[in-house]
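A, B, C and D label the chains in the order they appear, each numbered from 1.
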Amino acid sequence: MHAIGVDIGGTKIAVGVVDEDGRILAQVRRETVADDVADIDRAIADAVTELTKEHEVGAIGLAAAGFVSPDRRGVNFAPNIAWREYPLAAKVAALIDSDLPIVVENDANAAGWAEFRFGAGRAATDMIMLTVGTGLGGAVVVGGELVRGKWGVGAEVGHMRVVPNGHYCGCGHEGCWEQYASGSALVRDAQHAAVANPKRAARLLELAGGSAEQIRGPQITRAAKEGDELGIELLAKLGRWIGEGAASVAALLDPEIFVIGGGVGAAGELLLGPVRRGYEAQLSALGHRPVAQIELAQHGNEAGIVGAADLARR
Amino acid sequence: MHAIGVDIGGTKIAVGVVDEDGRILAQVRRETVADDVADIDRAIADAVTELTKEHEVGAIGLAAAGFVSPDRRGVNFAPNIAWREYPLAAKVAALIDSDLPIVVENDANAAGWAEFRFGAGRAATDMIMLTVGTGLGGAVVVGGELVRGKWGVGAEVGHMRVVPNGHYCGCGHEGCWEQYASGSALVRDAQHAAVANPKRAARLLELAGGSAEQIRGPQITRAAKEGDELGIELLAKLGRWIGEGAASVAALLDPEIFVIGGGVGAAGELLLGPVRRGYEAQLSALGHRPVAQIELAQHGNEAGIVGAADLARR
Amino acid sequence: MHAIGVDIGGTKIAVGVVDEDGRILAQVRRETVADDVADIDRAIADAVTELTKEHEVGAIGLAAAGFVSPDRRGVNFAPNIAWREYPLAAKVAALIDSDLPIVVENDANAAGWAEFRFGAGRAATDMIMLTVGTGLGGAVVVGGELVRGKWGVGAEVGHMRVVPNGHYCGCGHEGCWEQYASGSALVRDAQHAAVANPKRAARLLELAGGSAEQIRGPQITRAAKEGDELGIELLAKLGRWIGEGAASVAALLDPEIFVIGGGVGAAGELLLGPVRRGYEAQLSALGHRPVAQIELAQHGNEAGIVGAADLARR
Amino acid sequence: MHAIGVDIGGTKIAVGVVDEDGRILAQVRRETVADDVADIDRAIADAVTELTKEHEVGAIGLAAAGFVSPDRRGVNFAPNIAWREYPLAAKVAALIDSDLPIVVENDANAAGWAEFRFGAGRAATDMIMLTVGTGLGGAVVVGGELVRGKWGVGAEVGHMRVVPNGHYCGCGHEGCWEQYASGSALVRDAQHAAVANPKRAARLLELAGGSAEQIRGPQITRAAKEGDELGIELLAKLGRWIGEGAASVAALLDPEIFVIGGGVGAAGELLLGPVRRGYEAQLSALGHRPVAQIELAQHGNEAGIVGAADLARR
């Protein structure tokens, strides 16, 4: 059975028809207005209607960046879109002339599911996805099942606390994992390093046009690949925090694989090596248990579409 | 169907017949020798044989303190008993003249399962058990299923790291949760407080016969109940660490209830109040999600028997 | 002997004639331009010339917010004024028609010295000044002498690290004391608390016109004085960090008094109580040593003038 | 003028005649009983009497491991000798037939002073001594003067807190610097590493006869010098903690040199390199200030004698 997956961003949506092997057979995109939830409903309905003219599908999955209701029908809260206790599935259903089942999934869960079913985790039964981007998102699969939590807000891995009294987080707390294990953390560390020791940061500053504030992730990766000591160290620090935090997750869930997604994957071994070493260094009962694999994600931006579609048809 | 549950300790085993409501209908105990694994096998078989003379049972569950193999047939490693890659179920089966199915479960998982099925968590589908004793053990139930992890070593909550470079742990690492959220941590904190400020610890020292090294948990609870400021503060500190760590677990698993087991439960609200406040203070997305319940366990020492029996018959 | 003290800020300077008891006999102010160091020189010279017409003085002390050269003649670096290896004393000397001795002092050192000679520390020989403002500044007096350090950059107490991997600091490092023990830290903590738990922050939000970002220090003090639980807790947290850090300083320097300056002093006992408790709780060898006094500063904004003048005439 | 220096240990005392260049001209040793303070008095007096028969001296300095009274006449408290508010100088004076001036100094201060006057710090005016042994002791010299603190208990550098909620310390607190920057910390870290990952610790375990508990400092140094990865890493970790803590001290005191004493100095650059890198990495205002030297101590066990003698004649 084919299914439609919808990845809803703040200003655009991507909609695709996904087959049973996780391939996208057709895809359309629409621009939207984040403040106008009815506009988003219409854009989704419009795109779905267009695709269903040419493709027979059995279900629709909507991937949304927010807290999805436990019944998978609505979004209770979203940080970047004006959804508040919003019955998204019903709203979209009312606009499309069909009785296709529609489910809503958290976008990180959908992406993780794509990786579990058709990507780096496809041979596994127990997987943790860690998406290292602006923040640190994730997905948890236990015994082949996606773990959503009692109220649908599980897998917020980025808000596990890893340093008491640590870095401030936008969530209002201190020391959240995503303040150490995200692309934003990498950039901020680089910017601070350039203030604390400009000489050591010479290459990074050069790549950033001379301004610490202009340092961005790809420059750090580039410098590191050139052999720049600070760049390598910054990626290693990021990797260490990812790996050490993963060891805490493993203490709880004992997964067989961690899949690392997000743009930092471009750093390859410069990141993965430290992740693995950090993981092993902090893993409890090493020697009395197998060590989980740690691999890069195989899907990119389209993981949300694929995962949402696949979750919808289950 | 009735089942037999066996709780295997280092020097004694307890064996009981458990009905479908989690009641123990009959129970026997045997002394054992921790270094002699064959002796333990025989003691189990002997007790089982005795009980099955009078009770019809459909399965046997063995609760073992150690890393249980993923097929639930053996123990790969135990810290206090000489099991190493030990096929416990087969060994016991060979000694009892029956083809009853036998499964092995981690003891903390068994105890947590008893609480989930017949105790504080019986109304829940997603529960975390935290057993605050010498160490910090736990059990994880997601969607009504016990989470054992890919290799059977999940739910080692006590070894999540909560303080980088924090207290040394017997596992070889630093900053493990159980070094802050266990009865041992409580006692050690009290002993240190008595060194740092003997005047403030006057009542605790009095109860301990004048020696900081003799301070024990029940004395701290007693002092706190009498109104002793330091005793109250120590329990509050313990509670805070439990609650704050629970908030990290909730970020990952979004459970509906945490069940707190172990002897420290005797402190009642002096402990539970701080646990709840610590949890709420660190819970991510408070206000956008329900707050999980935090309750004391309802089963005591027999939880292992009950849970092992119930898991065996599933 | 009377002396002139000059407190040089980014946009204005204050110049006063100070007698031997630390009283300001006359004072003038001038506006300046932070980027124009020659303009600052002229403003100082102009004010000095005006005051010396009516007052006989024996020395001039210039208090500057920056790294003062070890010979006390210039400023090597200043964060907010365009001084870089700047021979401030010689520049000013060239503009005033006199051969009065001129010395340059760090402004926090000057303010601390005023407190030591004429304020809360006047009975002491060993004092630590902690100025809790935007940042955390300080001054160190050992055996009656101001400690400037080998290269004149001592007493930067705010940049002692108190939390590894802790809050980012403008200096490029993490976990600096001033990120926990300053007015800025107080405000930031309040703003975060209002995000993490708006209900608890209701009174603070009300005082701030409904916006977490608008919360300021005086509102926190006001709420706390009204009995607001969160306000009291925030001041207590600030106080605890001040006191606990002070205990580390005491391990090194064993002073007899800590003097707390800066606007947060307005909170009175709501701050001082927690400072003292935090200090005592962390003080090494309590019971085998006296506990240093912790008192509020007695001088306000004019401490820089008074201290600079007094240091100049020594 | 020659002077006598006495280094008083728990079970033996060493007494020497020291010339003005810090050379020991003659030396005697006596066994003592730690619990019997009168016995120690007699042993000192006896040794002094013996030495003064052949040497003309002008003063006697007693180096004691404990809290020395501010008037430098007695010991208020000692952890390992039964001195409590003990008038040591007067007791010794009463037993020797002379009116030589006698002063008592803390032993770490005495050793640091020897290094300042005749060792690695002899060219400096502002020096911090860090003695990395069982614990972390120290001495502070500011502007050519030893800093004893108001009540004589300054320079307890080992009890500055570097990790909130960090390792327990014998002083009753958590996170003291000496729990991270001492020979004991090195050994404990090695022992834990051998538990957490025995494979990586193979060489260390081999040198320790197979038992993690038998690992000692010299084995770690030896393994590191052979190129053992874990040994190198353990020394680097120790060095990093020394250097990073030193940067906090520098924020306060801006010294021109840190002198590192204690047995770990045998590791040479394997330790010193990481100390310097850790220092520089955490030094505030790097680039706007000179970087202090970090050097090994030049005196060994006799530093206490030399320093006590020299302090006595000042």
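To be clear about the criterion, contacts are C-beta pairs under 8 Å (C-beta built on N, C-alpha and C of every residue); 3 or more make two chains touch, one makes a residue touch a chain.
These are the chains along with the protein names UniProt gives them: A, B, C, D = Glucokinase.
Not measured: the values here are computed from a predicted model.
**Q** Which chain is most remote from chain A (Glucokinase) in terms of Cα centres?
**A** Centroid comparison gives D as the farthest chain from chain A (Glucokinase).
**Q** Given the two chain pairs B-D and B-C, which is bridged by the higher number of C-beta pairs in contact?
**A** B-D
**Q** Cα centroid separation between chain B (Glucokinase) and chain C (Glucokinase), in whole Å?
**A** Computed value for the inter-centroid distance: 52 Å.
**Q** Where the CA atoms of chain B (Glucokinase) average out and where those of chain D (Glucokinase) average out, how many Å apart are those spots?
**A** 45
**Q** Two-or-more-chain contact residues of chain D (Glucokinase), please, as numbers and ranges.
**A** 163-165, 171, 173, 196-197
**Q** Would you pull the chain A (Glucokinase) residues touching chain D (Glucokinase) in the complex into a rising list?
**A** 164-165, 196-199, 280-281, 286-287
**Q** Going by the contact rule set out above, which residues of chain C (Glucokinase) touch chain A (Glucokinase) in the complex?
**A** It is residues 163, 165-168, 170-174, 180, 188, 192-197 of chain C (Glucokinase) that touch chain A (Glucokinase).
**Q** Over in the complex, which chain D (Glucokinase) residues touch chain C (Glucokinase)? Could you list them?
**A** For this pair, the touching residues of chain D (Glucokinase) are 67, 76-77, 124-126, 140, 142-143, 145, 147-164, 171, 173, 176, 244, 247-249, 251-256, 282, 284-285, 288-290, 292.
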